[in-house]
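Shared between the two complexes below is chain A, which has chain B as its partner in the first and chain C in the second.
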Partner chain A sequence: MPVIACAETAQRRTAWWLTAPALGLMVLILLIPVVIAGVLSFTDYSLGNDTFNWVGAKNYDRLFSRSTYEKMFIATFTYVVTVVPLSVGLGLGAALLINSMGRIGDIYKTIYFLPVMATLLAMAIAWEFMLHPSIGMVNRTLEMSCGTILEIIPFLKNGCADRFPLWLGDKDYAIWVICFIGVWQGFGFNMVLYLAGLTGVHRELYHAAEMDGAKSGWERFRLVTWPALGPTTVFVVTISCIRAFQVFDTIEAFWPQGGGPNKSTYVMMFAIFEKGIQQNLIGIGSAITVLFLIFVMFLTLIQRWLVERKVHY
Partner chain B sequence: MTRDLWKHLILILGALIVIAPFYMMVSYSFKSPGEIDRGEGGFFGRQEMMVDERCVKLRDPDRDDVAAAAPRFPNQTDSQIRDALVAEAVADCQMRPIAFNYTKAFTEAPLLRYLLNGVIVTASIFLIQIVVALPAAYALAKLKFWGREAVFSLVLFCLLIPVHAIALPLYIMLAKVGLTNTYAALVVPWTISVFGIFLMRQFFMTVPDDLIDAARMDGMGEFAIVWRVMLPTAIPALLAFAIFSVVAHWNDYFWPRIVVTGNRDLFTPPLGLREFKGDGDGSFFGPMMATATVIVTPLIVAFLVAQRRFIEGITLSGMK
Partner chain C sequence: MADLQIDHVTKAFGDTQVLKGISLDIADGEFVSLVGPSGCGKSTLLRIIAGLEGQTSGAIRINGQDVSGIRAADRNLSMVFQSYALYPHLTVAENISVPLKMRQLSASQRLPVIGPFIPGARNRNVEIAAAVKHAAQTLEIDNLLDRKPGQLSGGQRQRVALGRALVREPAAFLLDEPLSNLDAKLRVQTRAEIAELHRRLGATFVYVTHDQVEAMTMSSRIAVMMGGEILQCDAPDEVYNNPLDIRVAEFIGSPKINILPVEASDGALTFDNVVLPTLAPKNLSGPVRIGLRPEALRLAGEDAVLAGQVVHVENLGSEIFAQISLAGHDGRVTLRAAPEQRSSLYIGANVGLAFDGSAALLFGSDGKRIFNPHTVPAQSEVA
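The block that comes next holds the complex of A and B.
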């Protein structure tokens, strides 16, 4: 019947009209840049030049041979490997504690979520004051322990005898401070996701586990809660990883030049910013971008694979 | 009971660490430079009158001022008049530290302008995201057309790409068309929210077909259906998405840092704060913390008022 056929064509046409803007922007803003980064990573292009030379895999060679980039990988992976387990673990711990205590727990939930809402750059500056070697709140608090029983702790003893760490100025501490702020900022987000996950765990399962002899709280957690939180954990770990890879604000705020003492906090996002944008070395910046995308996509694909295969109960 | 006590102790310790920088930020924004240096004054500081040195320096009397003031001080030497004028300036430049910090925050840098930019940018991003994503989500959820599966797989693929990661090629593209240092540069990369499309599509899948068929019977076109039928049904999801989007872009520092260089008129609040930090000396801790407080406050207050909605919105990405 021609009328229906006609209506179908009309619907098809409108459907394309409705998706066209989104489709166009997706290609223009997300896909083309990925291709551009891929292509430019094999060149020595810089903005302002009309031409460029193909340099083969030289940019990638550099990434894997120069010590600067070795430091970049070390800093990035140290950050990810520290922040992800800690923020996931603390998020889960806080969620379990809060979940077990009823309405009073909501106060903690609100407080722990505050850093997620706050502008990270502003909070980074606040932390910088907190960590100021002489007038910062952290070292002042530590100084208060001098002359008390707490001095038996070696760290405090050394601090009292000599001086407390410079924190941000010290290459042994800088990356750990960054990690700490990362955990401080991110664990509340994970906590909220876990709290949502916990509401989905059926009470009957606990009773059943108890009948089967799971008496201690740990047993119940191991047998019921943890498996039931599987899908949440997969998601929380993936999103924490992706966020951790993108750390930038704190580092740029503390060390606008150069990525920290002895480049100990020279993470990938900062490297892209410094090489690609500030120094106009687009080739090397693009190569870092490509590696970055590979890491992130790889992580997300693992997540999707896990979600589809394993964690449905 | 004792077990609960332990739980509270642990959680309170955590809460203290979480709150510490907020406490310090707000507290410093109340205090005078001296109090900050010496670490005194509790939370609010003592709020003793302090003298704004810069204000005094600006009013430093020159010879004309002294001559002009001569009638007011008859029978006095020039240097006596000068001293009297300086004393007047000092008296006029006295302020409470809290007033000093917050007025400096707004006068040393065009903070209002930055806040306005922040509002303009986040609002435009959100509106364009909706205008682009909603029709596409409707088509993907409710219309049958050839290529629908392909488009949807593309959406799923694009979910893998974080926009921050491709900042460099985006920056090059914008530079090539001469758009860096414009509002457009701040907004354009965020106009497409693949996540928004995905989310809205999932939501529209749950809307009954009858509703749409009824609208068609009434002679509504597909465009009208999107905006007059689907949009109102999607309000709760849209609200959650709005919170998600606004929080992300109000707080974003990386992207504005890349595309806005030097042109203060385009600074978003985090950029403004960054610049403040860049040229601040020791005595400006107070005003800087006042600026930080002003920037952080709107979202925190909104969050405290509508907690449940905010948590919903921020954790949207976790919903399946």
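The block that comes next holds the complex of A and C.
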């Protein structure tokens, strides 16, 4: 017995030694910064200052009382609530369509995945040109419909009579343009994840469903495909949510001077950057960061819970 | 319940002809096994009957009605799959109820959450629950109804798959190697249970297997398939005793039948210059083959026709199988002997073998059966 106990202790010690580098790095580059951000969010610290004052929950208080931050929450949640369902839904739809095709599917796969591979910042610049109110190809294309039958569509009719939207310069359109680009850029990634998930669906289950009388594609989808894609969906939704909370590049590229027309696209990531880096208000920047971390942590916990409970059979 | 008619069905995948004109009539209530080595097209045929695959030409008729243009869901057939194909996210009860829900509930009544509140859904759901319970009791799985397939053993899953097939009364049951994923002991037990279920339900069963023992023990008739054709379709003992093709003779029976190359001339057969006790038709001459079941051979002394050396012995307790290398023949023959004869069947022993002339099956050089003067009146001789 003592020999075995001794061996076990030795093994345990070795295990700790082997995990120590990873644990050390995790503490150093993940946990300590998070703790520091948490501490700083209760101060008025600015980078370069030797000292700081404790301000209690004042930073958080500001977050929930000032209209700028209200706009920040509205912009962030509008973006998340729009982009996540659309990019997940389109990703699933594209994956199902591609999966049902033969060789041609590969071409579509490449086309839909291209925006994922491209640098978003560079793409944002391309979009900026396309969306330019007078020389951009979007409005130029829309102008071509003037004088044709297409003018019965109210949007085109108003545009022809007056002018077409400014897109990035219009507070009613700006956030939706950002959402559109987010979906365009993101759904290809979800599609690839779903395609991987679809390879795991047992062929014979479709035959069983057919024998059981599931005649429509919708019934087969509900009975076989959707449940089989459960684990993929949880993962895809979580990843999409986290990515949606992180939206930054396009906004920084379009409006480097602060959050779009009337702060309509002032999302959290941009707010952190603006407050913490540009204005050197580390305290308030940290408070937004902590809030951001709480959202992401919450999403991850939901995912863990769902994965363990619901989607593994 | 219905009869099935398979009428000159062919199937080709590109240039590969998988089924070469299969015709088979299956009567109402019959248990027909499609048996053959892997790749013989038996599963393809079953899937064509089910409607999961289309035939290249020919027709399938259920109760006289041509179902060629009718999709699988509308053919009123049930199928048990080799992998069981249970829905992993549904409980056993839900799995069994799927075929009933799909057929008896309207699309709106099947909707999640609000479905049960659509008028009429309540009564139907009660009926379905009763039918599921009844099916589960038939298969003795009523204590598993709340479990998910992932929590069941292979044998239990197999029963759930059977339950899902029999919960509605289909025109016929199609079973695609349902026992091949079970361990040997459970397979023997389930074999008996399926045969019993067939007797109790009196339904038409089409059973695909590569295991000739399953086919022999369960079926009313066996259709032996090879190379996309049905070589013979008869009752198990007829297929065993009177194979019409040398491939059928070789496939059915364990251990395998002994095939010996012999010379025919003038109504007599010779093997290695020894005249055999089997007669041949007068007009037959040239090389032919005879088939001898292991139990047709017996140890003999003075009257031995064949002689050889024992090279391997398998003692199964109730019987002994000895492999004997014959003089003047490179293959081995298998002999079934009684346990008392063990003393003379040691490895290296020189033994003589004899057989009853009427027990030998004669096959022509094309592999087709030749009825020799002995076996044509075989029935009357036995009688």
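List of remarks:
We adopt the following convention: the second predicted complex is superposed on the first by the 292 of 313 C-alpha atoms of A that agree within 3 Å, B and C clash if a C-alpha of one lies under 4 Å from a C-alpha of the other, contacts with A are read in each partner's own complex, and residues count from 1 in each chain.
The criterion applied here is as follows: a residue touches a chain if its C-beta (ideal position, glycine included) is under 8 Å from a C-beta of that chain, and two chains touch if they have at least 3 such contacts.
Please read these numbers as outputs of a predicted model, since none were measured by experiment.
In the superposition on chain A, contact is made by A:H207 with chain C only, not with chain B.
Using the contact criterion defined above for the overlaid structures, shared-chain residue A:M297 touches chain B, although it does not reach chain C. Partner contacting the larger number of chain A residues, of chain B and chain C: B. Applying the stated contact rule after C-alpha superposition, one finds that A:T119 touches chain B and leaves chain C untouched. When the two complexes are overlaid on their common chain A, residue A:L31 makes contact with chain B while staying clear of chain C.
When the two structures are aligned on the shared chain, A:P227 is found in touch with chain C, with no touch to chain B. In the superposition on chain A, no contact is made by A:I149 with either chain B or chain C. In the superposition on chain A, A:L23 contacts chain B only, with no contact to chain C.
By the touch criterion defined above, A:L193 lies against chain B but remains apart from chain C after alignment on the C-alpha atoms of chain A.
Once the two complexes are overlaid on the shared chain, A:L47 sits against chain B while remaining clear of chain C. Of all the residues in chain A, the ones that touch chain C in their complex are 202, 204-205, 207-215, 219, 223-224, 227-228, 230, 313. Only residues 8, 11-12, 14-16, 18-19, 21-23, 25-26, 29-34, 36-37, 40, 47, 90, 94, 97-98, 100-101, 105, 108, 110-123, 125-127, 129-130, 135, 137, 140, 184, 188-189, 192-193, 196, 231-232, 235-236, 239, 242, 246, 248-249, 252-253, 256, 269, 272-273, 276-277, 282, 285-286, 289, 292-293, 296-297, 300-301 of chain A touch chain B when the two sit together in their complex. Contact residues of chain C toward chain A in the complex are 47, 50-52, 71-74, 77-79, 81-83, 85-89, 98-99, 102-103, 110, 148-150, 164.
Listed in rising order, the residues of chain B touching chain A in the complex are 4, 7-8, 10-11, 14-15, 17-22, 24-25, 28, 36-37, 39, 131-133, 135-136, 138-140, 143-148, 151, 154-155, 158-173, 175, 188-189, 191-192, 194, 197, 221-223, 226, 247, 250-251, 253-254, 257-258, 269-270, 273-274, 277-278, 285, 288-289, 292, 295-296, 299-300, 303-304, 307, 310-311, 314-315, 317-318, 320.
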